[in-house]
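Should a chain be cited, it is by its letter among A, B, C and D, assigned in written order, with residues numbered from 1 in that chain.
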Amino acid sequence: MIRASIVGASGYSGGELMRLLSAHPEVEIVAVTADQQRGRRVDESFPSLRAFSDLTMEAPDWEALARACDVVFLALPHGLSQEGAPRLLDAGVRVIDIAADFRLRDPALHQRWYGEHKSPALLAQSVYGLPELHADAIATARLVACPGCYPTASILAVVPALEWREPGAPIIVDAKSGVSGAGRGAGANTHFGEVNENVRPYNVGRHRHTAEMLQAFAAAGANEPVFFSPHLVPMTRGILATCYVRTAGAVEQAAAEETYRRRYEAWPFVRVLTDKLPETKATQGSNFCDIAVLAAPDQRLVVAIAALDNLVKGASGQAIQCMNLMFDLPQEEGLWAPPLYP
Amino acid sequence: MIRASIVGASGYSGGELMRLLSAHPEVEIVAVTADQQRGRRVDESFPSLRAFSDLTMEAPDWEALARACDVVFLALPHGLSQEGAPRLLDAGVRVIDIAADFRLRDPALHQRWYGEHKSPALLAQSVYGLPELHADAIATARLVACPGCYPTASILAVVPALEWREPGAPIIVDAKSGVSGAGRGAGANTHFGEVNENVRPYNVGRHRHTAEMLQAFAAAGANEPVFFSPHLVPMTRGILATCYVRTAGAVEQAAAEETYRRRYEAWPFVRVLTDKLPETKATQGSNFCDIAVLAAPDQRLVVAIAALDNLVKGASGQAIQCMNLMFDLPQEEGLWAPPLYP
Amino acid sequence: MIRASIVGASGYSGGELMRLLSAHPEVEIVAVTADQQRGRRVDESFPSLRAFSDLTMEAPDWEALARACDVVFLALPHGLSQEGAPRLLDAGVRVIDIAADFRLRDPALHQRWYGEHKSPALLAQSVYGLPELHADAIATARLVACPGCYPTASILAVVPALEWREPGAPIIVDAKSGVSGAGRGAGANTHFGEVNENVRPYNVGRHRHTAEMLQAFAAAGANEPVFFSPHLVPMTRGILATCYVRTAGAVEQAAAEETYRRRYEAWPFVRVLTDKLPETKATQGSNFCDIAVLAAPDQRLVVAIAALDNLVKGASGQAIQCMNLMFDLPQEEGLWAPPLYP
Amino acid sequence: MIRASIVGASGYSGGELMRLLSAHPEVEIVAVTADQQRGRRVDESFPSLRAFSDLTMEAPDWEALARACDVVFLALPHGLSQEGAPRLLDAGVRVIDIAADFRLRDPALHQRWYGEHKSPALLAQSVYGLPELHADAIATARLVACPGCYPTASILAVVPALEWREPGAPIIVDAKSGVSGAGRGAGANTHFGEVNENVRPYNVGRHRHTAEMLQAFAAAGANEPVFFSPHLVPMTRGILATCYVRTAGAVEQAAAEETYRRRYEAWPFVRVLTDKLPETKATQGSNFCDIAVLAAPDQRLVVAIAALDNLVKGASGQAIQCMNLMFDLPQEEGLWAPPLYP
């Protein structure tokens, strides 16, 4: 059994890790921490988990965690993983970070989007935890930085189309997200009265997740700019990203579909749809990312649409998929279940 | 023109007062206050009001308000109206309080449910602002305490049935409320992720609004206990109260309907339905309370169901209805418009 | 492996059976039928099931089903199970019906609420599929009639309180349901524009599920009338039933809790809560029924609140729990997973 | 008083016309028709309208309507206005059509997107009812074709940016709509269980409203292709259109804002926002269209975002705005009220 712990267990990503790991046959959760909720039982914070966990939230103690665990999941607010990760890694524990702390490999880039990094040396060792792109590196990584929810959808949707891109033309990502992506913290952005019956664009053209997309596209050789428009829609889970790639020449529908189908045929959690369009509900509660591609050759445009559950494939499920690879398990282990529909 | 101001304008009741008073032909809003948002334009806080108000939120200054206004609406968190109301009343300004501060006439009762009162002498002067029960007293009142949202629905539903009640049997009020009833403050109770796809009972058997119901029923001669079960449902506006009154004898459907019809036939904002049941959406954004009564004579039970918009008839609309009565205007003035459907 | 098929697979109960049985280690789905969707792949109807089933919906052929299956789940509109069930039973196949066709054991009662029964002789053999009440009978049954969603919540909530009831006083069940309980058929009751931002009572005092509650309470010796008030609330899944039982004497909180705790301590899918109230979201997607009891001894009232997912414990999950008992498996088999939260 | 009638009053656009015209000081509704609901009172179909209308739905009788009315609003399913409009126009009655029947002036274009037209000669007389573009023509029109909900938002957002466009580059419109845009008819696209907790793109790249956008942009001299991606989001009312225009040169933010501000400063129902982004809720129930523009000069991109209520500015409110112009009333008459928020 893999001994795992979750640091930052009181938020939505932490709760989702507990939900999924509770059903994972190869994992034992040995500790959960949440600074502000220490002393509370897990099922006080997540009533859904009653009967699944007798654990109590603890204050994080890096030394104790290092002794007790094979792997630690960090589900902390951005900026806090930088402190604990080095101590865990030094003790030989593997670390999977769900926050943004180790996603951008270039310290200058990190500085520009998130401010100064406290452990910049670690950035070079960290592996970007998108299995469909970096499975081999993940398998041997000590430190995995799980992609953001928006980048997961957008990168999986756009990367196969990059080969066709028109040089210099911006790649446009128009994404619609449920509210859980903003975390469990209460605020004007998450108040039901403000969110319900509303579509609200925010940080258009300047959201931090743009940096991850730029990094991923550049790694594939594409240095075009990205214009990213996130929108909050009145639902709890789910992201749908509609991505527009201007092409240098005319790309036909059949060729586009074939490219996408081949690109992902070995990857069980990416379902390429050819007879209908993705919708978030078809992925609810699961680790799937559904993708369709539409070509408009007369407009020199390829439109790729991806849907996923932001808390699963966009966060905790993907983290477990990475863990499976790191511990030489089938990537589907503990994750292979149909989405909840309706 | 009636010169009005709104104290506590940044919350939902305050915003609703601005929305409704903006369309009132006899009212001029001369000032709005909101301690924490002072200096912000009204339409920063309520983007819907852009083009309707150039006012800026001020810190509350009771002397200035007293000089500038004929009437002041207090839309503050419970407990704060007790400070300002005496100063406004002393200056001859009429006060309409949307909070709970002046609803319970008995200081001991207030103490038990809300803690010590700072101006207990005012309780005796205050008039409970339910026009369908107390229109005459409201017309001459200096201080009106608007009922809570749950009590408005429950009292209007239950009062006509009290004559049939079985002595001693508890009156059961099972109410379902939208989230705006919890105010604009962010918290676990209002977070979209916690509220959406959820029905959540809370404070069952011990919600403070029970006291208002007990007071209103006692005023009608009924001293039976009240068991009140509030439930939060995933919608923004609306309350539906399903009220169960055990009867001493068999009450037939036709007689029950006739009693309700007659009781409210002179009251334009209570619509007694006989061919269908109330639903909250049919009152959305309006000052209506829709009521139906169902008799189960073989069970000695009368069930009365009321629906209203908690921010309008349950708060700000009713406050304006009271203001109309206080200033000798038709009670419908500025309020007579169809609900928003769907 | 148990060979199972699903008749009526295109509706929500059918889809939920497919979702849950796909993850059941002891079951193989051998056929799915849906008259109007025959020839369509399962994942055309339920895009969530892509990668989990290659089956195609067939027209129902009772002989073929009888040959191929050990057990058949009937998820048909009410009235249609009466035709197929006898043919399957004659062929030695076990039948689990999710519709209302075999729930009421008394043909006269069935006639009164649902019209004439085509196989009245079968009513006496059928076992009411509520494991927490009838596990032994279910284990040996050939024909199981799964309870309705409202009765499951209401019966589990009320039965332990019946011993305290005041003779003759009506038992009041005030229930709030998500829309999926109305089925997948499109109509005014399920249109988003009519349901969203709405609480809508319907069939108050005359809903068919009242008959099941009466039958269950009578089986426990209680012949009191039941007043049942169903309400539609704007969510997809979930039922919360708030049940009011007038008591003959004063019942204290501690005694009430102890009674409920003991009644269900051997039943893994009923979670008795003593520190918080049930909410539907804590059961989402799972087979749990969460129950709390509140005593108001001064009002001679006991209030029991139950929450469940109407498509799982209220329909398909409970059907599988019954199947597990019928095939001598642990009742949790294939069902033991945490709810989806948020 | 303007004598008006509504043909097709049982749908959402028809109901919205009744709601708005009930509050219009210069209009009397003389008749409402709805073929399938004839004989039903208006408030049976729209319970919200109880106390506002005693009218009964009639079968449409074009001769009677022509005699009784000054103006007829057609709120029929697409294709049916073609039959009644000529008869009303011949009788000298003015016609405002909310359907698509008279929107495309070129019969060939109409044929391609909607099939053969029954009164192609009328297409040339019809005026496209977007007051902010065609006020003068509307004022003298006999037949006004109100724009679709998506085109209203998209055209108002894009037109001021067309001067900067890169020749040949597609204009991308990514729109998010509430469910009421699909009408009141029940179907899989409007079922709560399918829509809630879902974002669903549909008809991407081939929605009929593309034709209106192409026509409007061409009228402004822009013959670039349009790629239109509509998405259904889980809300009742509201459209948000995020529009991407590639520019020939670098357009700076200040210049873009100034262009938009000037373009609409004389138009009261377009609110150009410069300090925040539009959101649908800020327009709920009102005739406003809120617009913001964002320039990304380094990407040669201008992004314009528009929000409106699809049933008001996107349909019935705009129809009344047109009527006001046609009858020489201020365009705000009967429409000037703050949106409902929250």
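One rule holds for everything that comes next: a residue touches a chain if its C-beta (ideal position, glycine included) is under 8 Å from a C-beta of that chain, and two chains touch if they have at least 3 such contacts.
These numbers come from a predicted model, not from an experiment.
Centroid analysis (C-alpha atoms only) places B farthest from subunit A.
Interface comparison, C-D versus A-D: the pair with the greater number of contacting C-beta pairs is A-D. Separating the CA-averaged centres of subunit A and subunit D is a span of 38 Å.
Centre-to-centre separation of subunit C and subunit D, using mean CA positions: 45 Å. Multi-chain contact residues of subunit B (touching two or more other chains): 12, 180, 193, 196-197, 234-237, 279, 281, 284, 342.
Contacts from subunit B toward subunit D in the complex involve residues 12, 15, 18-19, 22-23, 44, 46-52, 180, 196-197, 236-237, 268, 271, 273, 275-276, 279, 281-286, 288, 290, 337-342.
Interface of subunit A with subunit B (complex): residues 12, 179-180, 184, 186-188, 190-193, 195-197, 234-236.
Subunit C makes touch with subunit B in their complex at residues 169-170, 172, 174, 176, 178, 193-194, 196-202, 204-205, 225, 227, 229, 231, 233-238, 240, 242, 244, 246, 277-281, 284, 294, 296, 298-301, 303, 305, 307, 342.
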